[in-house]
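Next come two complexes built around chain A: one with chain B, the other with chain C.
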Partner chain A sequence: MTLTPGADLGPSQFPITRADLVRYAGASGDFNPIHWSERVATDVGLPGVLAHGMFTMALAGRALSSWLGPDDRLVSFGVRFSKPVVVPDDDAGVALEVTGVATEGEEGRVRVDLTVTVAGEKVLGQARAEVAPGA
Partner chain B sequence: MPVPPDLAGRTFAPTAPYDVSAAKIAEFSAAVGQPAGPDGQAPPTFPIVVAFGAMTDLMRDPEVGISLQNVVHADQRFEITRPVVPGDVLVAELTVDTLRQRGGADFIGTRSEVTDASGAHVCTAFATLVHRAPEPTDLP
Partner chain C sequence: MTLTPGADLGPSQFPITRADLVRYAGASGDFNPIHWSERVATDVGLPGVLAHGMFTMALAGRALSSWLGPDDRLVSFGVRFSKPVVVPDDDAGVALEVTGVATEGEEGRVRVDLTVTVAGEKVLGQARAEVAPGA
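Right, the complex of A and B next:
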């Protein structure tokens, strides 16, 4: 199995709760308090505690990785953090949804354009990856 | 305070070598819900752990001196030569590629070259950091 142009990928859904943000902070080393302290987040003018952009990117990368064949190789992966993901202090959190479309890229690569949404609104812009397909 | 305009073009000292253990990859994998791949390969965004160290060094630099909570991560891109595996010893060397200052904000375009113990390229992490200094009236 290899990723082939024309494939519609996903959807993959991932819940994000405050506990996930704390775990990601520890694992990544990004302890910016806007990702765990409502007080600091609102003091700096944010609507609430935000998911780390890199956490939402990691979840998009998780979906992307699940779509690759065993010999496919990820060559590039980039996103813009276009809309902050506010994570409420409850047990349900928010649901991140990731879909992708594979097309022919440059130099024999496969290009994947990802759509990453929360409650129907895009939270990542220009989310795309290049994959070197395996044999 | 805005960052100094001559920051563009500056390359910072490489980060301290980072020993990548299987346990660290497992911790990151658990946090993002993606098990390690063949040969213990880390998830694709794992190199941010090392690149974030380089960005932290940039922010803490005495001539830059910006606070993390006043910084927004605007975009991120990885160009990947190979996945990170357990046993890697990685350093990141950050260069400020671009600096735009407008509307009271600094748009800092960074490029962190992540290399292994042999000096071979692992990935390049590109990030734009947007810094907004607090209004003077907000200062304590």
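Right, the complex of A and C next:
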């Protein structure tokens, strides 16, 4: 099975809690306190603790990977960080939802346009990937 | 201090070991065994255990963040996954090196072109970001 132009992909959902941000901090090495300290985040004028932009992007990438066939290869991926993801201080956190539309891309590749939202609001803009289809 | 067009950025270096990949698997939820099992990786024809593409991208993003001033904001980021990063089964792993060149972008933004290499070979292509400069 391979990714086919015309396919509607997802939705894939990922909860994001503050614990996930702490885990991501450890793995990525990005320990900026705006991603785990309410005090620091609000002191610098943010509405609350924010998810790392690259974590949001990684989850969108994970949805994307889950839609690929075993021999499909992700060739490129790019996003705009259009709206920060504020993560509340509770066990539920927020739900990131990712959907995609596959179309014919250049040179036999498949283009995927992703829509990445939290509570219906887009958090990534111009989220696009190219996939080299396998057999 | 803010990111200024004309600046040469880096080099920033990040070691990548198999333990880092296991940590990233836990944080990202991507437990594909090609990122931790030599047996599975070689069975599917790969030269060895590969770093998650999104992890390589996250480390490039971390270098990028370290070059920004406190009020600069990362607006967009995109890469091509041009060459897989093979991570050997030892304590040293590989060293990812990231450098960047800042130039004037559109609408007052700063464009950063990143060069991301392992042992002198490019592993990400067309790695580009846009930054909205702060005060």
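Note that in this section the second predicted complex is superposed on the first by the 135 of 135 C-alpha atoms of A that agree within 3 Å, B and C clash if a C-alpha of one lies under 4 Å from a C-alpha of the other, contacts with A are read in each partner's own complex, and residues count from 1 in each chain.
The definition used in the following text is that a residue touches a chain if its C-beta (ideal position, glycine included) is under 8 Å from a C-beta of that chain, and two chains touch if they have at least 3 such contacts.
As the structure is a prediction and not an experimental result, all values here were calculated from the model.
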First (chain B), second (chain C), both or neither touched by A:G78: both
Partner chain in contact with A:W36 - chain B first, chain C second, else both or neither: neither
Which of chain B and chain C A:W67 touches, first, second, both or neither: neither
Chain A positions touched by chain B in one structure and by chain C in the second: 14, 20, 23-24, 26-30, 32, 53-55, 57-59, 61-62, 65, 73-81, 126
Chain A partner contacts - residues on chain C that touch it in the complex: 14, 20, 23-24, 26-30, 32, 53-55, 57-59, 61-62, 65, 73-81, 126
Of chain B, residues touching chain A in the complex: 27-28, 30-34, 37-38, 43-45, 48-49, 52-53, 68-80, 83, 126, 134
Chain A - residues contacting chain B, complex: 14, 20, 23-24, 26-30, 32-34, 40, 44, 53-55, 57-59, 61-62, 64-65, 70, 73-81, 126
